[in-house]
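Chain nomenclature is as follows: A, B, C, D and E, assigned in order of appearance, with residue numbering initiated at 1 for each chain independently.
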Amino acid sequence: MTVDVQYYVLLSMAVFCIGLFGVLTRRNALLFLMSVELMLNAANINLIAFAFYHGNLTGQLFALFTMALAAAEVAVGLGIILVLYRNFRDVDVTVPTTMRW
Amino acid sequence: MMIEALIAVALIGALVTFVAPNRIAGKLAFAISLVPAALSLWLFAAFDGSGNALLDGELAFESQAAWLEIGDHSISWFVGLDGISLPLVVLTTILCTLAIVSSWTPIDDRESQFYGLILFIEANLIGVFSALDFFLWFVFWEAVLIPMYLLIGIWGGPRRKYAAIKFFVYTNVASLVMFGSFIALVFGLGDSVTSFALPEIATAMRNGGLDGLFGLGGPALASVVFIGMFLGFAVKVPIVPFHTWLPDAHVEAPTPASVLLAGVLLKMGTYALLRFNFTMFPEQVEAYAIPIAAIAVISVIYGAMLALAQTDLKRIVAYSSVSSMGYVILGLVAYTTFGVGGATFQMVSHGLISGLMFMAVGVIYNATHTRMVTDMSGMADRMPIAVGILIAGAFGYMGLPLMSGFYGEFTIFFGTFGSELLDYSPLFTSLAMFGIVIVAGYLLFALQRTVFGPYRLETDYEVSRAPVHDIASMGVLLGLIILLGVAPALIFDMITDAIEPIIGGGL
Amino acid sequence: MAVLELPDWMALAPALILAGTALVLFLIDSIEPHSTNRTLLSGTAVAGSLSSLAVAVWFTVAGVGATGIENYGVIDIMDGQFVVDQLALYFMIIIAVVTALVTVASYDYLQDHTYQAEYYSLVVLAATGMSMMAASNSLVTIFIALELTSLPSYALVAILKDNRGSVEAGLKYFLIGALSSAIFVYGVSLVYGATGSLQLTRIAAVLESGDGAVAEMGGLLGLGILMLIGGIAFKTASVPFHFWAPEAYEGAPAPISAFLSSASKAAGFVLAFRVFTTAFPLEATTGIIGIDWTLAFAILAIVTMTLGNFAAATQENVKRMLAYSSIGHAGYVLIGLAALSADGGDLVMGAAMMHLLVYGFMNTGAFLFVGLAEYWDVGRTFEDYNGLAERAPFACGAMAVFMFSLAGVPPFSGFWSKYLLYTELINAAADNTALLVLAAALVINSALSLYYYSRLVKALWIEEPLLDRDRLAQPTGLYAAIIAAAVMTIVLLPAFGPVADAALEAAAAVVA
Amino acid sequence: MIGGQIAGAATLPSAPPAVPLQDTVLLPERLGELTGLDGFGLGGELLATFIAAFIVGNLMLAMTGVAGPWAKRKITAAFTDRIAVNRLGPAGLFIILADSVRLLSKELVVPENADRPAYDLAPIVVASSALLGFAVIPMGSGIHLADPEVGLAYVFAISGIASLGLVMAGYASSNKYSLLGGLRAVAQNIAYEIPLVITGMSIVIFAGTLQMGEIVSAQAKPLLTVAGISIPSWYALVNPFAFVLFLVANFAEVGRNPFDTPEAPTEIVAGYQTEYSSVYFVLIYLGEFLHIFLGGAIIATIFLGGPAGPGPAALGIVWFIIKIWAVFFATQWLRSAVPRVRIDQLIEIGWKGLLVLSFANLVLTAAIVGLIA
Amino acid sequence: MNDWIAIGALALVGVLIPFGMMAVSYLLRPTVPETSKRATYESGEIPTGGTRIRFNIQYYMVALLFVVFDIETVLLFPWAVAYQDALAADIPLVRALGPMLLFVAILLVGLAWAWRTGAVQWARTPRQLETDRP
């Protein structure tokens, strides 16, 4: 009752693409952040599936680190979004246009 | 270690002057610049080299130190002088000292920076003429540009920004082209060279060590590199049609910068042509002799014609420099001892004469605040000595015997006329000689308008005589011009000694 | 092997010292919150970065990481998770230098700023990450170091929290950073999937063994490598993840822009150098994924330098111009990877590393000058900078040095590195003529860059000021940092021998 | 002497003894065997698993949802010297049935401006997350649904989901009281979750595993023998400091007195459940009770030896339920005896007090274990 | 049978029971629509303003702090599990315990910093307010 590794990869790719789609279409900074988290978790799926496939723990370990760093990233990101809201009264990423080239 | 000492004195002097208060900067810089001038004269006296620096000659004051090794090629600090470079070094140090003196009157803003930059240029110019490692040479070569750019840009005339940028962009793009070509040459030489030392490269080239590179065969690569480098140096010389930066730069530059620009910077171009193109590529010189000679003659005639059309004294002198540089190219392409030697002599001579002319124009401008031929007349009335020197200089330009200009031009024509390498050389020579007529025409015309006749310039200030220090510096130059005119062998012997290995004897 | 009988992990001392400094700064802030004792805070940070620098230099001189009889050899730490070799030490030096300059300059820049201690500790923390990145030898440690660098950087860019530009810059930097790190991790997961290992040398071993399973997963591996390139492109501000750079550099406090554009970029490049040379041996990888990865870097290099330079040429805002020029320089350094396909590629890479060191001085200095201008409050555009030289000749002289050096004009060290990059590229091109395109792009772009760099010099030195200015202040820290950077930019020219040796040895450490 | 015993315990992982209390056979398998469903291949096994899950779920639901509220009333009344429910059935036990019918047949009033999906989802999240936690708890007498290797981490993770449900409820209700309640609940949960987990970790150091079954069996070793009576090495006895910490953190985690600020009736009416009625209210209420019992179950498992107790192993479930109820009783006792802390006190106790103490506990435990070994 | 399938089954049960209750309730309960009934409850007063109120910034602060601390505890679990084994395998205490102590020490520096800079302080004392005022 084991699932072949390619199905995990397909799943993770699907999740990754969903995240990417969110990144590309969402204008709300929070949703953007969530989409990025989705992409990170897609990588985690891969890592764990491959750890199982290769029979070593490296992937799982790395997934743990990924989670930790994703959390830190969220912490920093939320902080930035908070200041963004304080300054622009919005969390829409297209609103701040102080700089243009 | 003498050359290092020269450069170091100038560099340290530049730094000291840069931080010195404005009030004393001019005098300080003058005092400092006397040291390299004296040193270079001592070098001149103690010169013991023979032959060409690039072609197994005996170098004087040679000094070499390893610097860096990367890949298959090493780079070193490698300086030395031979009969070609020594006169130019002396010319540089003397002109710099005089240029500093001639800035005392016109420069009244940010003096310490100004004199610092002049000394900085001096250091780099000495470096250009004495460096024998390509990398080292290129560093000095490019380093000259930045201070000159600033000199024109900060202390120049009304259109100084445009002129400075134009100067900078033209010469830099040219350097890049030249640089790229030369690197290709070095790699084309493959294993036969292990460093960027010019003598090694020149010897390898002469021995036909050029392999192909990037699918180009040896001869084809040589042609590409030759043309690339020629174009690069042509801008610096300048040769028509790359000359347009020169009048702008000259007109806008302050007098001392003009002196250095015409007196020394233009010689960098011809010096490099001689050192690189005409030393390393004898076959290509032969192959492209006619087009080069044609360009040279066009420079002579066209430059002179343009000068004829000007009403600004400075512009006249500037265009006449284009014309004079055409002679030098012609002499070089003749590829005879007298042609090349004359060209080298002409470099020094033109450096002195054009320096003198610019100084004289500057002195008149300081007094009258105008350079327009149409505005002035009867200047002899008010500033007899300065005008006298101006006239003497103009005669030197026209090639009056007993002045250095005569000897330079004479040897060039002599050498060119009998050139074996250049077909139709008599035709080119006579065409170029026609240029002298035009030169005489415009100079006499301009002098007649400005110097003679009744004084009728209306100013609300007193036009007084030129200050003594200006007169003195012009006097020194005039003395040198006459000295070289009377005793050309002073430098011509060492020049021919260094030229002969290039030509391989003859004439 | 040990240095003076020190344990192996002490080889990471340059990074550890920085980490310790960050913690000390946090402790100082814990003991006295919201301290505005600038001397203490800045001093601690400077001392930390300088001792990191000193230790790194000492290790380099002592021969840590160098192979040979009298040397200590390459030091593996934690089962190859970290490796201290010449490459690592070389980049640790660059990072420590930039950190020192930036922290010195911040002393004045941060006057009247609320978050002093936080600022310094974040800077030092980011520097720790970069230093670690230089020594990371496994995709795990690389990712951790990458995030340790990025997270403080996000906060630093947005640290002027009442300044809309700063916040906007922070947001954009963060969003693109988060995206790129997600892509990077996914790339890591795919590489892990294909090879079953995250340690660089083991990945290489698997690839070279040509294991059947690996060969079947060529597609995954290729995609993974592509994604890794994406992550690296973000860190180095190269196309296609360069969008953040102009915004972040413009909005961030100037010392932070200097920090990011010099040190962070160097860290990104050490990552690129190490990962691609160690983990993906060219032949074996090409055999498996079917494409030569140097090609990707060649394309990226050309596009990056061209885009950076052309965009820089059109800027009116000085900081933004520098930002784009920094993108352009990333393109130059990318050549170091692109040329690996040819003989002599290691020399090109060495030259690229030299450029990074020189760049560490000149670019940091240039951004710090912008910081000085912000300190003077003169405005941001070229026009605002007009005629500053009359009031502040020394700083402006230093800036002219930076500009000409960035443009690659002699006699400054920027010329050296570009020169070597170019000559070595031509040398390598003898083996692979396609590299001539890169050489041509390098020359054309350098020529173009001269235009906008000299434009700034022109503004400073030649143009007339728009309005009369009073005497400009001379803040000690900023001045010291700028002058030091300028002096180094000049002094590196005659002293290039040791630098070149170090860089070439660093390159040789990873390129067989 | 204690030290020696701990050292003995330290060797546990290398040589796991056959402890009768440990459910080597989990409930689904046992059921499969009993009913013969395991003969029907995959489908049969799945069915058996489902049945087992149903049994466990309903057992817990019955205990918490049905007995809990009744007991709460009775206990509170006893503390305040009242009688409480006593009309329906023996000791008023049937009031439960009446209450459930009454609540289920109430009208569902949804406040205007409510965020419908979140409003509807919140009660389900609260209720089912608590139920899920029981999956890995070994309850003795063979009632043990699953025993994954990461059991303890799983329990912590699952119980953390509840705060998501609470904040959803608070946010979706479009009511200021609710919002504040939800926020407080989250702030409180996150403040005490870390001490909880860290303290739990100090137990993991002894057990050397996260598997619940193993943790339980590790506690069966005798700690010391006093007058012929062997005292088992329940971790509450081995590390009483951790036990106290865990107990306190747990009270906060389940939002009971003295840490019931999220629904502090005198301040914010009923917190996040202000706007809930009818079956939604029942679900949230149920969820909270389930959480209290889940907390009790965790404490019983990792500190009190799980289903261990005198008598035959088959009595395990009885002991286990007694232990859970003991914790529940403590909750209700505190409810009557201790005043509520303010929200700022609550947060500061968590971050400045419990967190530091729990780290100290962890470090000390590790150091002592290390030094003794 | 896999542990996780059992847990999944319980999850199914855990969702089905609430849904069952909702279904029962749906059948039993009356519906008497009335507008004022749906008004937000504000202790009998007429509701004022929306619910998008500004609340204490500290909620964010502790949330951000939690995100960091919580995930660090996860990193400690593997260590805690392996600790006894490591000791049993005669790994010196410095190597078994040292890294964890360092890790916790760094966390504690972070906590101390947060504590001192007031990230976990809900309200300011009058004395603090006094010193903060410029």
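One rule holds for everything that comes next: a residue touches a chain if its C-beta (ideal position, glycine included) is under 8 Å from a C-beta of that chain, and two chains touch if they have at least 3 such contacts.
This one's a predicted model, so the numbers in the text were calculated from it and none came from an experiment.
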Contacts common to chain B and chain C (chain labels): none
Steps needed, at fewest, to go from chain A to chain D via touching chains: 2
Chain located farthest away, centre of chain A as origin (C-alpha): B
From chain E, the most remote chain by mean C-alpha position: B
Distance-to-centre winner among chains (Cα means, whole assembly as reference): C
Whole-Å gap separating chain A and chain B, where each centre is the average of the chain's CA atoms: 65
Centre-to-centre distance between chain E and chain C (centres being mean Cα positions), rounded to whole Å: 38
Mean-CA-position distance for chain C and chain A (Å): 26
Between chain E and chain D, distance of the C-alpha-averaged centres to the nearest whole Å: 16
Overlap residues in chain A, where contacts from two or more other chains coincide: 1, 72, 79
Complete list of chain pairs which touch one another: A-C, A-E, B-C, C-E, D-E
Of chain E, residues touching chain D in the complex: 1, 3-7, 9-15, 17-19, 21-22, 24-26, 28-32, 37-43, 50-51, 53, 55, 58-59, 62-63, 65-66, 69-70, 73-74, 76-77, 80-85, 87-88, 93, 96-97, 100-101, 104, 107-108, 111, 114-115, 120-123
Sites on chain E touched by chain A in the complex: 2, 60, 63-64, 67-68, 70-72, 74-75, 78
Touch list for chain A against partner chain E, complex: 1, 64, 67-68, 71-72, 74-75, 78-79, 82
Contacting residues of chain B [partner chain C, same complex]: 66-73, 110, 113, 124, 135, 138-143, 145-146, 149-150, 153-154, 160-161, 164-165, 168-169, 172-173, 176, 180, 183-184, 186-187, 213-215
Partner chain E, residues of chain D touching it in the complex: 10-14, 26-29, 32, 45-46, 48-50, 52-54, 56-58, 61, 101, 104-113, 123-124, 127-129, 131-132, 134-136, 145-148, 153-154, 174-180, 183, 186-187, 190-191, 193-194, 197-198, 201-202, 204-206, 208-210, 269, 274-275, 278-279, 282-283, 343-344, 347-348, 351-352, 355-356, 359, 362-363, 366-367, 369-371, 373
